[in-house]
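One structure, as structure tokens, below. Some questions next.
The first chain written gets the first letter, and so on, giving A, B, C and D; residue counts start at 1 in each chain.
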Amino acid sequence: MASNSFGEILRIATFGESHGAALGVVVDGVPAGLTLSEADLLPELARRRPAQSDISSPRKESDRPEIVAGVFEGRTTGMPVAVLVRNEDARPQDYEALRERVRPGHADETYAAKYAVRDHRGGGRSSGRETVARVVGGVIARKILPPTTRIVGHALSIGPHRARTFDAATIEQNPLRCADPEQARAMLAFVQQLRDAGDSCGGVVEVRVADPPPQVGEPVFGKLKARLADAFLSIGAVTGFEYGAGFGAAAMKGSEYVADRSNFGGILGGISTGEPIVVRAAIKPSSSTGDVAKRGRHDPCIVPRVVPVLEAMTALVLADLLLLHRALR
Amino acid sequence: MASNSFGEILRIATFGESHGAALGVVVDGVPAGLTLSEADLLPELARRRPAQSDISSPRKESDRPEIVAGVFEGRTTGMPVAVLVRNEDARPQDYEALRERVRPGHADETYAAKYAVRDHRGGGRSSGRETVARVVGGVIARKILPPTTRIVGHALSIGPHRARTFDAATIEQNPLRCADPEQARAMLAFVQQLRDAGDSCGGVVEVRVADPPPQVGEPVFGKLKARLADAFLSIGAVTGFEYGAGFGAAAMKGSEYVADRSNFGGILGGISTGEPIVVRAAIKPSSSTGDVAKRGRHDPCIVPRVVPVLEAMTALVLADLLLLHRALR
Amino acid sequence: MASNSFGEILRIATFGESHGAALGVVVDGVPAGLTLSEADLLPELARRRPAQSDISSPRKESDRPEIVAGVFEGRTTGMPVAVLVRNEDARPQDYEALRERVRPGHADETYAAKYAVRDHRGGGRSSGRETVARVVGGVIARKILPPTTRIVGHALSIGPHRARTFDAATIEQNPLRCADPEQARAMLAFVQQLRDAGDSCGGVVEVRVADPPPQVGEPVFGKLKARLADAFLSIGAVTGFEYGAGFGAAAMKGSEYVADRSNFGGILGGISTGEPIVVRAAIKPSSSTGDVAKRGRHDPCIVPRVVPVLEAMTALVLADLLLLHRALR
Amino acid sequence: MASNSFGEILRIATFGESHGAALGVVVDGVPAGLTLSEADLLPELARRRPAQSDISSPRKESDRPEIVAGVFEGRTTGMPVAVLVRNEDARPQDYEALRERVRPGHADETYAAKYAVRDHRGGGRSSGRETVARVVGGVIARKILPPTTRIVGHALSIGPHRARTFDAATIEQNPLRCADPEQARAMLAFVQQLRDAGDSCGGVVEVRVADPPPQVGEPVFGKLKARLADAFLSIGAVTGFEYGAGFGAAAMKGSEYVADRSNFGGILGGISTGEPIVVRAAIKPSSSTGDVAKRGRHDPCIVPRVVPVLEAMTALVLADLLLLHRALR
């Protein structure tokens, strides 16, 4: 079953709760001979981490990964790679008030109904902290993809503000990961205002894949677009997915749609064409608002933090389908 | 691998090409004792079938299903249910011109690149005709769901026209399956115009689930929203997915988002709350336009035909996750 | 779930009951470009079929396969291959007496307890007739294996009689598929005697794989030996599995065991070495004895009929693991 | 893929190498509300551990498990349970000589051929130490089974010595886990002799399940006997599997076979009858003999240590199939 695993040949099994002992991931289906060290994992973990600016949660986590299996003398062995990230700044006592209370609009509600026992501390397993495991998986997946393939995500919109230009060099230079430096400033002001008001906002993240492997994806149920949709919607904050023209295609005439290949988003018949892949995810605003948000350790806008997670999921999907394509061609 | 199968406990394996001998499906994980006959399958197959109005493809298929396994004296036996639908109006010769030619914007392109051999006839396996198998699976899935659960899809928009009201009784009374009778007329005029011009259009389909089973969905990778996204994007014409507030949530403040529970779309933390589930799919316009569309057997607007397919996929996802929930509770 | 499917990348989903409309199989994960026709399937189906001698069930089935999907102009297309074999000599009325009666020592007992509804006719899905589907899958699997790989099964023992020599040319020249012509005669006399007495017997089938692909099998849970054991025990009549020295190894000293590489059966650490693979299955005697056996259509000894089924399962396991090995190397 | 995972609904993913940082397991599909603590794991880990007598490897491992996820205030939460067991007595330097040398008859051979990189230390992932993870999984699986179900394994034979009686109380009172106290003495003398000679021996382990849940197992590919065979053969030292009459059935007449229900081993048609389940595994002698065995840390007879591992695998198979049965009944 797929409850806590993702992928078929390249497969991650994730575990851990926000305020438990550790987060972790077991990555199976990793080809032997890839170089891999804890140092490889640090940059992406750092990109995912909060507390990088005054608009993020003040949770202090150094997120030091430990590779406990599957790597020998700096190389993968073909055996499952297991990585553990200990929780350091867990403050379970901060959440004692939530023991008997479920927050409206949170997973708390359905977890409490579905399970006899609930780890109420910081959302437990439903916390965004679970995505640490995915980021680790993504680093490994990228090593399976061709070295020329580049996966770049950015905040296409934050609340009502939408990027008008795309300057990749800008993305990591503003706290919102916006590729339009001008809009980035407007976005930041908007988010700071919300933070002060104890409110939050969402946005749209776009992931672009340049030079993707072609012929990747299965014709019917393993379509590349479907696997990406599954991957993206498996993230708590994501409320929508589209590729290429996406929802915009619904309002186009067929003649318009076929006239511009960028509408296809690099995917035809569920299979990559080799052209750039473009996918987008809608990110809802955090449900924690008001006093809870002010007191708690919540980001007013998690959009920039979702960017590396969506990149990781994109890498995992592409690498898994690439391995299957290798098997059958 | 998931190339031609979908689901975990309740699992469909589909097969068949548009102009081959037959389409079919094997449904595994069907509880014993459900009543099932070919007559049960006919209404949904009829709803999926083209040639129901002057805006649909003139392909004549009676779509007579044969249950070849898994049913004994009118009841399922717990063994896999296999259903075959012979192709009757296959006209492979109509497609001879496509043998050496790949249609731009079609799966033809990527199939030709990925596989050594291609069934060029009417799109082969990439044809929408494959969805016959899913509709059959959906009928069985509904029998696993509580009898009070109702799954209703409708065309929320067609090209630029969007329904403003929701009158369920109207849906099957207009060829576009629009729940707003007034907009239905405008939509029909729009589609007829496109048909005459050899053009096509898409739209947005919304599926509503009333009285869904609560507590269905897995917390991390089997989230109900993710499984639905996977299911919907596995359909060729679908270019986007959203649930609840969807892409609209990206522009909301957190305080707005939590203020209206309908924004959650009946899903919290990936698990159904028991409230109505609301999901939407963007449908692209058919890529076959111009002379090809006029001569071939193509619908100017496939949106209404996608409705029963999305309903079927919704039923399959819900029933599969319900079975898993039963196993673990 | 694996209830009616077997394999991961190369995956068969089987369906059908002994006296239903048809038996069938959907084979997913078939590389494109393999030659395949109904004629390819006939020889193996004929080998599996009863009524080939006076010691077999008189059921008359021509077992004419129809490829309904996945093959175009004589070649596989990469899409699932679906094959249907209609039941012709079904005589459901012969089994009317079994409607209310479960035969002791048969699947009837547990099926009746587990399922609300039971197809009592000839064992329904528990009949050996289900193996038709596996034989079809095996033919396809062999086409994925290197052409030099040869999979040959034979009756190593029948009741108390055990082959002392191995002459491959003899196997198909005696009704028991024994590779020792002298013992074949003793075996035949033994089986005829049992048939006349309304009794039955089992035996041991050995499958040898010459020139198997090396490096096939996964280190921990996809071990070649484990997948073969799973495959063999999925056949109703099989009560034991061993490879190489098998149960004999349990009585050896380590120094003896390592002194003769044939004890390893071509598998070390769960992975094929490239040396001949040798596996064996214990086949129990048919549980239908006495008057039931005399009147019904039961073989006094199904061992020779199990031979092509075990060969097919061996091919399916090897091909599936070979595809995975290709993906990851 | 199943390379390092086992089970469908209840699913273990194992990781770790003999002389790496840690062994571990992630157990998914664990119902919420089960009591679970590290103390629950200790007895079974202790039973699996070597160095319990003078016939076992002198490796000193305290095998202290750490539950890092999935348990909250002493109960499972429905989230994956992750358990880590650090390696303490790893002495990689002892194995430096094996860096360039593959031991004949060991997984070393095929690992070296299959993978570019090999962890040569103590067999790496192919070491029996990997079974620590399975024992942990087995403890959790037992908590899912009915409390009246008892799974008891014992050494039915060691080399040429075979138990003649079955006294369950005796099993844990002799170092070979033999249920016949008299034979236990003969076995011990035999093993001590082999140890002094630098040789090793195997044996047969029998696992009996009293009061198993009935109706467990799937009719075709998830047969209880097949899943058990897969589970047992996934252990490095196992070279054969049988249930009920097993290989003995191959020499019986049908009339004999059906006359004694114990021949069925508690399984009919692949489904448990509710009667005691009896399965056996052939264990080969360790391949490390001669000087290597004397100097290294190898057991002359690993049979008693395999007993708790086979019990654990039996529990995992039964619990997984029970969950599936719950889903579908």
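Please note the rule applied: a residue touches a chain if its C-beta (ideal position, glycine included) is under 8 Å from a C-beta of that chain, and two chains touch if they have at least 3 such contacts.
Because the structure is a prediction, the values reported are computed rather than measured.
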More contacts between chains, B-D or A-D: A-D
Chain whose Cα centroid lies at the greatest distance from that of subunit A: C
CA centroid of subunit A to CA centroid of subunit B, Å: 28
Gap in Å, rounded to a whole number, between the CA centres of subunit D and subunit A: 38
Distance from the mean Cα position of subunit D to that of subunit B, given in whole angstrom: 46
Interface hub residues of subunit A, defined as touching at least two other chains: 1, 3-5, 8-9, 14, 29, 32, 78-79, 114, 125, 219, 324, 329
Touching residues (chain side subunit D, partner subunit A) in the complex: 1, 3-5, 8-9, 11, 13-17, 20-24, 26, 28-29, 32-33, 66-70, 72-73, 75-82, 84, 114-119, 124-125
Residue ranges of subunit C touching subunit A (in the complex, touch as defined): 8-9, 29, 31-32, 78-79, 219, 323-324, 326-329
Contacting residues of subunit D [partner subunit C, same complex]: 1-6, 8-9, 14, 104-111, 113-114, 125-126, 130, 157, 159-160, 194, 199-204, 214-215, 217-223, 225-234, 236, 238-258, 261, 263-265, 268-273, 282-290, 293, 324-325, 329
